[in-house]
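So that you can tell them apart, the chains are marked A, B and C in the order they are listed, and the count of residues begins at 1 in each.
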Amino acid sequence: MADDESTSDGSDEVSERRTSRRELMRRASTGAVVFAYGGAAAKTAAAKVPQYRHKELAGTLRIAQWSHFVPAYDVWFDKVYTKRWGQANDTEVIVEHIGQADIPARAAAEVAAQSGHDLFWFLAPPAQYEDQVINHADVVKAISKKRGKMADVCYRSTYNPRTKKYFAFADTYAPDPVHWRKDYWTQVGFPNGPTTWDVVLKAAPKLKDIGHPIGIGMSNEIDSNMALMAMMMCFGGYIQDKNHRVVINSKGTRDALKYAASLFKAGMSNEIFAWSAASNNQAMLAGRLSMALNAISIVRSAENTNLPFAKDLRLSPIPAGPKGRVGLEHVMGCYVIWKFAKNKPMAKKFLIDLEVQYTGAFENSRFYNFPSFPLSVSNLSRRLARDQHEPSGKYSILQTINKKYTHNVGYPGFSNAAMDEVFNKFLIPQMFAEVAQDKMTPAEAASAAQRDIGKIFAKWRALKKI
Amino acid sequence: MLIAPAVLFIALLVGGPLVLAVYLSLTNATAGALHGDWVGLHNYTAEWSDPNFQTAFKNTLIFTVLANAVIVVGAAFLSHFLVREFRGKWFVRFLVLLPWAAPVALSTIGWLWIFDSLFSVLNWMLIHAHLVDKFNPPQWLGQPRLSMAAIITVHAWRLLPFATVIMIAGLASIPDEVNDAARIDGAVGLRKLWYVTLPLQLPIALIAVLFGIVFTATDMAVVYILTRGGPFNSTQTLPMWAFQTGISSGSLGPGAAVALYLLPVLAVVTVLMLWAAKRVEVS
Amino acid sequence: MRSHRTYNNFWTYLAVGPFAIVLAFPFYWMLQTSLKTDQDLYNTEQVPFGFGKGSPTVHNYSFLFTDTQYVRWIVNTLLVGVVVVLFTLLVSIPAGYSLARLSGRWGQSMGVGIFLVYLVPPTLLFLPLSRVIAEVGLQDRLGSLMLVYPGFTIPFSTWLLMGFFKSIPKEMEDAAMVDGASRLRTLVSVIVPISVPGILTVIIFSFSLVMNEFIYAVSFITASTSKTVSTGIYTELIRGDVFYWGALMAATLIPSIPLALLYNAFLDRFIQGFTGGAFR
């Protein structure tokens, strides 16, 4: 039964891939319009209009999430998966999308209103909402019974050891591989690409000379945050230790800062300070950059638009530093069930069902969404290897990255509200940029960060959340 | 009383929430919760000592003052010519009005593309005019001074049409007799501008400035779309920092404090300017 | 004077031209961008003012109309705009009138007080308001915006109309009252008709504020069918770290041009509104 469902999802995916993205979007919106008018009519009549002929659905489940960067995922999720699940569970499922930048505002508004969706999705651990959500331990437990252990990175992103509460349920996360151009790197004599940070620094000036600099952002945006935090860890610099004490003022951080400043001077240009989250994608797709850290949206976009160099784009794990190879997730997809949600039982059941059979989501997101329970996607490695795009097998490395080098924000501690505040105030990119632009020495920047971040931790500790 | 509905409505929709916001700023409320433990003025003092808050406070003042200086000078200049009759006036006015007609959240995205780090058309033109280095073009959103200039430009750009319209109105309201009298007295050209037109235009210019100030100082969209406060939080503004603190990071109490720092400053400025506008008018 | 005409025109063009170019350039650029394919857009070799392979194309426009609910969002925005404008007029005409007729300082300082409402930062105000919205059962409905937007259109409009009504000679209404009309009737039949420019001003200003508002629209409404232009576009055309630049630009141009035409057509009357009104 279970296998049946996953294979049918898989074949859906294959047939859908043949139709263009445009076609898919068209289908999606037609469906949405029809659906919407039905919904509007229902509201004005103040009565429930059955969505399915001859059948009155018992409950409603409202879900809010981002617009997935793979439009096909939204089509599958909105029109196929949730429809089928709704019929099987006698529930009308309403999926609504929010621009990723607008998620925090809407979440805060729902909490203030004490009314909103039954399931609300964030792209990073929403620890600051802990008091507003139920304990999601039931969901985790129920899935564990069928699918074993949750991935450590997800556990550490959604569990608060101080309050012993799962403040969210992570359904998915995206690994954060390095994208690099095989042709450029070969041209300058490094055919193996960015294997270590040392190699990156050596290759950088040559790559910049041929007009293809390295692209690791130091700007107020998510990619910079992730890449720089990960780089710090490779040099032994951590924001917090495993007991959630702020330890950023360390030799490791200073080394990373020194390294990043010299990498900037040797092989990057001023553009990295100006970036938005889209910029490294675009610069890579324009053929400018020789290397960037990002979830697989870059390589997928290159394939979708049939760029000639799509076959030269390679994926690798984060380069190894003096303290090893330590990477981060790129997106941690977290659903929460508000305490004031109207339909908690179905919300829980939805999450459990979604996660237990995650193959459809994994395939339809084009491998963007990794399962938070590794066993929820059967034959994950084989599926990665089966991708048709040139060069074949390039996605296989994702599994290695996923298993060995993907950690949570706040590693080696747990993700928490203070980490999230550091993240949202862009204090790490700020620290790196100030050193790279010679506004501060590494030592000054690290101690300034220790001071500012220390205050943030003290604040959340006083609230008894860390 | 005919005024009752207006007062009631405003009291309910603005007054009530404002009182609540003040209350929140005195508590340690988190993430959307509309209550918390009382902490007195702690949020205000804690923010005051935060270096990024200080930058934000300073920038809000700088952006507001500079953008409005550009707006006032530009609008005063433009309005003088737009009250005249000339061929194509209708089309010129249409072009001038465009920025006002576009929703700010969308038109700023247009600017984001113009200032893009790689595909900036501005840089393309500068490079081809041999004014900047092809390999290291200016990063309009990546260098503190340039980013500040970029933000001020967009603010001035989007508010200039409105200010111009108000100023045109001011000019149009100068009675013909005044113009005639000035001509008889031999006041023409710059002399007339300085002694007759500008003084008469002043009260209305103050109104334009007032709107400009309110719209730049409380706006978040422009900074949010262009830099999100970057590079290295050097273009933070109070509304932006309030949002990042209170909404994105969930420290609602401190965020409310940040947002409210501006209120008394603006209130004083407004009352002074309205008072000045009246004075100038009377004299 | 007439002999100076051409000479004057030359200086006028010289003065106005650069402004018009700078102000309108972003729109020209949006047009250029909206006609390009992604490949063309991301090609650094391509002269940005020209078109590469596959461009110009109307693909971005057709995408907007067939693959998103763009039309619906436009209709929603217009709907909210119209309702808000009507409601604003309904409330602020009587309020402005009574303020104008209130004796002396009291009316004036009340007017200032009303204006101060603009200074309240919307950054956080949307939180308490969303509670209000939920309490009255308007969450995720266009009605929420129709309820909240007058909160910032009414103060301005009242203030503006107050000044405007003051400039109307009191004798005119006295005459009407002598004829036996009530105060309200006088307002409707005598004052309003001669205040059309002022009312037009209020309409345009309120409408442009509605168009520009973002944070309330984002936090009150998530249903795609009830979104307004700005928020709908943010949801559909910015996906994760991918911007659909061409479609974004097209989506900005489409409402801007007719609105600018409309504002322009009304501008002369609009100017009358200001000059007759608040500022003297």
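The criterion applied here is as follows: contacts are C-beta pairs under 8 Å (C-beta built on N, C-alpha and C of every residue); 3 or more make two chains touch, one makes a residue touch a chain.
This one's a predicted model, so the numbers in the text were calculated from it and none came from an experiment.
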Counting only C-alpha atoms to place each centre, which chain is farthest from chain B?
A
Based on C-beta pairs in contact, work out which chain pair has the most and send it over.
B-C
Between chain A and chain B, what's the gap in Å when you average each chain's C-alpha atoms?
35
Geometric centre distance via CA averages, chain C-chain B, whole Å:
16
Counting only residues that touch at least two other chains, what does the list for chain C look like?
42, 44, 127-128, 131, 215, 234, 243
Per-residue overlap in chain B, given as positions that touch at least 2 other chains
32, 34, 118-119, 243, 246-247, 252
Where in chain A do residues touch two or more other chains at once?
101, 105, 108-110, 112, 282, 286, 288
Complex interface listing, chain A residues touching chain C
22, 25-26, 28-29, 32-33, 36-37, 39-40, 43, 64, 66-69, 71, 94, 96-102, 105-106, 108-110, 112-117, 222-223, 277-278, 280-282, 285-288, 294, 297, 301, 305, 307, 331
Where on chain A does chain B make contact in their complex?
101, 104-105, 107-112, 126, 128-129, 131-132, 218-221, 269-276, 279, 282-283, 286, 288, 417, 420-421, 424-426, 429-431, 433-434, 437, 439, 448, 452, 455, 459, 462-463
Within their complex, chain B touches chain A through residues 28, 30-34, 46, 50-52, 112, 115-119, 135-136, 139-143, 147, 224, 227-233, 243-252, 254
Spell out the part of chain C that touches chain A in their complex, as residue ranges.
38-39, 42-44, 63, 66-69, 72, 126-128, 130-131, 133-135, 139, 141, 215, 218-220, 222-225, 231, 234-236, 238-243
Within the complex, chain C is touched by chain B residues 1-3, 5-7, 9-10, 12-14, 16-18, 20-21, 24, 32, 34, 74, 77-78, 81-82, 84, 86-87, 90, 92-107, 109-111, 113-114, 118-119, 121, 124, 157, 160-161, 165-166, 168-170, 172-173, 203-204, 207, 214, 218, 220-221, 238-239, 242-243, 246-247, 252, 255-256, 259-260, 262-263, 266-267, 270-271, 274, 277, 281
